[in-house]
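Okay, got some structures for you below.
The same chain A turns up in both complexes below, where it pairs with chain B and then with chain C.
Let's look at the complex of A and B:
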């Protein structure tokens, strides 16, 4: 009798081990892909950021935090870093304002709700590189011609060639490309608002602007959080659009930190330094996301 | 349903004020749409001009439409090859992403070894925030060391890896919400993990699968920077690389460039309008969970 239960136990243990093994086998491919192409390069980046590696030769020296110290004295980095903050700040605001306006418009328009929504989302499916090149031409030729007619000299000479305008134009083009994405998220948020709350507000005599400010906007808090966090994160990572639109110029007037990282790592053969910049960018994004989350989540709780 | 009815009720009361605001909203939306469409109109008009006119007055419609620009652009950019490369990379990457992350997430969500797989899950999702630029140098070195640079397969392997954190996150969230009873009943029938996954779990997870598909498809299709670093041979070019190089290789010929751009935009627009419902839903769903 005892023998039989022993055999039975052995059997279940064997089965259990087999099951655990199969589970591991099924998780392994995903984990291997993740480890090789995401986790390992991150640690590699942190490692190289403390070396003077040029990206080509075999030998490299460990130099501690020297790259990081250099970054904060390097005008060719501080300029693009400042540009990136300006770009991210205004881009985040503009994308959310436009996204919300378009969402409200698309939801309240009497006819063709779906048509408007569908058309306004189109730029989001294009590649950023294409959008950058097309607008580069638009600024260079049709808009310059318009500037000539209107007698606006900066515009006639190409706004992208002006040191004080290039970055701002980049923000506008980025808004053209991406606002539809934020619109879609806001529309989902608007559809989640309980109609009863609107009715109650109407009964209380709250209408128009006041209704938006005291009813709609607070109830959109979850969509607002998502859109603010993602817009900021994406703005800090922007590369393709600015590269195609201005190439960072004129001079370095519209260079973003992502472009500096690429140039330092490959063109200037300072892979260690480029990696240190990459780590700094990671920390910036991490800190800003955490701060946004803290404030915006609190706002969500207050709204509910 | 009730929501729509209520809206209809309020809408039927057409006061002059209401009419005015309707006109205003429509007008603003039309302006938005015109602004969105203007670059497409410019592209189309310039693409049909001869080279000289394209530079002198791009804003007008020409009398003679140079449709042959499209044929020239098609040949010059080697369109079938470029399109084929990108389609191949995108489709195989998506298949890999769905296959590996789906299975992995099912185990993470439903294994009895909860502690271990929770730890694995945390490792995956901590990869979501990592910017590409932090890993740029080691990634390039890794790809070169593995002889995956300048190779389509290399790009596919990379895309599968890059998209693991987000898709494991989305899949696991969904898999955890599936009722226990459904899985238990099939286990009693004697099905093993593999069978339960494909017969029960995978069909249930269809909505989140389509979300991941539409989000990642456009991301991979439109990716530029890493292909630019990795794919140096002309015959390995993807659509975005062709868009970037075409301008330089046909300098000054904006008519051909825009013809090429329109050719590359058409498939994306067709894809968009075919799957519009899923794309819009996917964006909203993906954003809310992210």
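Let's look at the complex of A and C:
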């Protein structure tokens, strides 16, 4: 009896191992892809961040954490970092507010719902570089002419040339471009809300804003979590749109940390230092994402 | 226990990956000019004998800017009459920073293009020093060159780049618009000093052009073109060793000679449009072609971009005129875009043969006729764009001395920080604050590349 049990156990283990092996084979291509395009560059960046490589020389020296120590003493990095936090904060809020408003609006349209959804989504499919250059022209010519007509001097002389307004304009353009994507997530969330809840709320005499606040918004918690996390993460990584729109100028008024990483790595020939900045940005995004997930997940649980 | 094992496994995996990346990085030190054995270019051709001319075939990958591509295409068309099976695959760069970024990526991935055409400068010399470029001495093409400063095309006595153009740094003039305003310029009455140039701008304003001078403040090259011209003519005119003195601490960007530049820039600012700071290069070109502005500072090779947009426009290039005294005015010129062959070339013999043709009188003429360039080869007489008429007359008659284009010798990143400084100044920051920041940022660049500073000062020959 004991022998039969042992044989059975061994057979079970063999079957499990076989299954595990097949599962591993199935996962291996994706894992290899992930290793080559994500893990290897990530650890490569960490390695180079601890060297004095200039991007050209064949030899490099390992310098430990010197680059990281320099970063926290470097005012020419802290400035763009501050700009990035401002950009990410306001962009995240604006994207979610706009996305939600667009979703609510698109869902409440009786006719042509799909047309409205498509029109609102179109800016998302445009290339960020293209949007940046087009809006650069818009600020330079039509908006400047409008500013002239209205007598608004800062607008007439191109808002992108104002140190106080350049970053804000970047936030607005970024929100215009990307809000459609977040709208789609909110639409999916809205469609998942049981109509019976609205009916029950109507029976209880709940209308308008209160229906949204007590029924819709709490039940959108999962969509809200996704959108907040992704909006923040993408805002911190913003580069191409701001590069095309302002180039980081005037001066460094709209320079984001991603542009500083580029300038340090390629223009200033300090690839090691630029890599260290990249690692710092990665850690910032990671920490903020974890914090967001912690608080927003709790909110999801409470809502549901 | 399982969690502990998993954690240990993860740490080991991270360490292994980091070590793999580290071992794959560039750690071996090589003598300058020697090729790395891991580079593709070291693969020797299987046939060690020099191939016959008619046997050349293959595709050359060339990294090149859009403005010069028509020139190379035209040369290739002629070259194909002898070697029909030769082609070029072009990789286009937009700005010099783009080019250096792309080269950094190619170096890191060991996928250098076969050849490139780019502005000669200190970064390209570094490529030669690190062994990424093939020496061109065996081609015997240096003797084809006209007189000029070869310091940036050679490294330790060997030629690494053959310049295809002489780059003049000039003041572009929309001569159609100027004539419309009733003003004419010729070899006898062109502006020769800052005062004369300001007078000319004032005359344009009185004739109806409110903002005759343009700066594309949003673009690095355009924003720094005038300051660089001023520095070459005026700052270097007073102290030809200015930059070496800055690097060695004997001079500073806060010195009165550099601060004066912003005071003179202030005189020009009155004649610039209020939206200068955010103006892009495309907007500047539109204003120039439409006649809303008449003058701007830039290097002559950018003429081809304007020509593509306005082929029939009468453009006149003027020598920069920002000195206090007319006697101190100079032309500003130097060897500009040069062709190099990398050690990653798959067929170096083909590349060398093509370069020999490019560097011949015939090749140079074809190139210059198709890219609005001034020839660098002795005896080459292309059909120069009429925009060069005044400059070439002055150059041929030797009326003015020459100031070299010095910024290409300076530390990497300087152009970007000067652009930031100029933009801050255009945005209303006072000049003293601007030069203080420029000085601080330049010190930061020096501290980030101490070896570069030491090498510059060790190789610099002081002008007495």
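Methods note: the second predicted complex is superposed on the first by the 271 of 304 C-alpha atoms of A that agree within 3 Å, B and C clash if a C-alpha of one lies under 4 Å from a C-alpha of the other, contacts with A are read in each partner's own complex, and residues count from 1 in each chain.
As a convention for this text, a residue touches a chain if its C-beta (ideal position, glycine included) is under 8 Å from a C-beta of that chain, and two chains touch if they have at least 3 such contacts.
It should be emphasised that the depicted structure is a prediction, and the values quoted were computed from it without experimental measurement.
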> Is this a clash or a fit when chain B and chain C both end up on chain A?
Replying inline: clash
> Now for A:271: first (chain B), second (chain C), both, or neither, which partner does it touch?
Replying inline: both
> In the superposed arrangement, does chain B or chain C reach more residues of chain A?
Replying inline: B
> In the superposed arrangement, which partner chain does A:55 touch: chain B (first), chain C (second), both, or neither?
Replying inline: both
>> Quick check on the superposed pair: does A:129 touch chain B, chain C, both, or neither? Answer first, second, both or neither.
In response: first
> After lining up the shared chain so the two structures overlap, which partner does A:69 touch, if you call chain B first and chain C second: first, second, both or neither?
Replying inline: neither
> Does chain B (first) or chain C (second) touch A:251, or do both, or does neither?
Replying inline: second
> When the two structures are overlaid on chain A, which partner does A:291 contact: first (chain B), second (chain C), both, or neither?
Replying inline: neither
>> A:145 in the overlay: touching chain B, chain C, both, or neither? Say first, second, both or neither.
In response: first
> Can A:39 be said to touch chain B (first), chain C (second), both, or neither?
Replying inline: both
>> On the A-aligned overlay, A:200 touches which partner chain: chain B = first, chain C = second, or both, or neither?
In response: neither
> Once the complexes are superposed, what residues of chain A are shared between the chain B interface and the chain C interface?
Replying inline: 39-40, 43-44, 46-48, 53, 55, 137, 141, 262, 265-266, 271
> For the complex, which residues does chain A have touching chain C?
Replying inline: 39-40, 43-44, 46-48, 51, 53-60, 74, 76, 136-137, 139-141, 144, 156-163, 166, 246-247, 249-253, 262-263, 265-271, 273
> In their complex, what parts of chain A are in touch with chain B?
Replying inline: 19-20, 22-23, 26-27, 29-31, 33-34, 36-48, 53, 55, 101-102, 105-106, 108-111, 116-123, 125-131, 133-135, 137-138, 141-142, 145, 176, 180-181, 184-185, 187-188, 195, 199, 202, 222, 226-227, 230, 233, 236-237, 239-240, 244, 258, 261-262, 265-266, 271-272, 274-275, 277-279, 281-282, 285-286, 289
> Which bits of chain C are touching chain A when the two form their complex?
Replying inline: 14, 17-18, 20-22, 24-30, 36, 97, 100-101, 103-104, 107-108, 123, 126-127, 130-131, 217-220, 274-280, 282-283, 412-413, 416, 419-420, 423-424, 426-427, 429, 441, 444-445, 448-449
> If you look only at chain B, which of its residues touch chain A in the complex?
Replying inline: 2-3, 6-7, 10-11, 22, 25-26, 28-29, 32-33, 35-37, 39, 42-43, 46, 55, 57-59, 96, 100-101, 103-104, 106-108, 111, 113, 117, 120, 123-124, 127, 129-142, 157-158, 160-162, 164-165, 168, 192-194, 218, 221-222, 224-225, 229, 239-240, 243-244, 247, 254, 257-258, 261, 264-265, 268-269, 271-273, 276, 279-280, 283-284, 287-288, 290
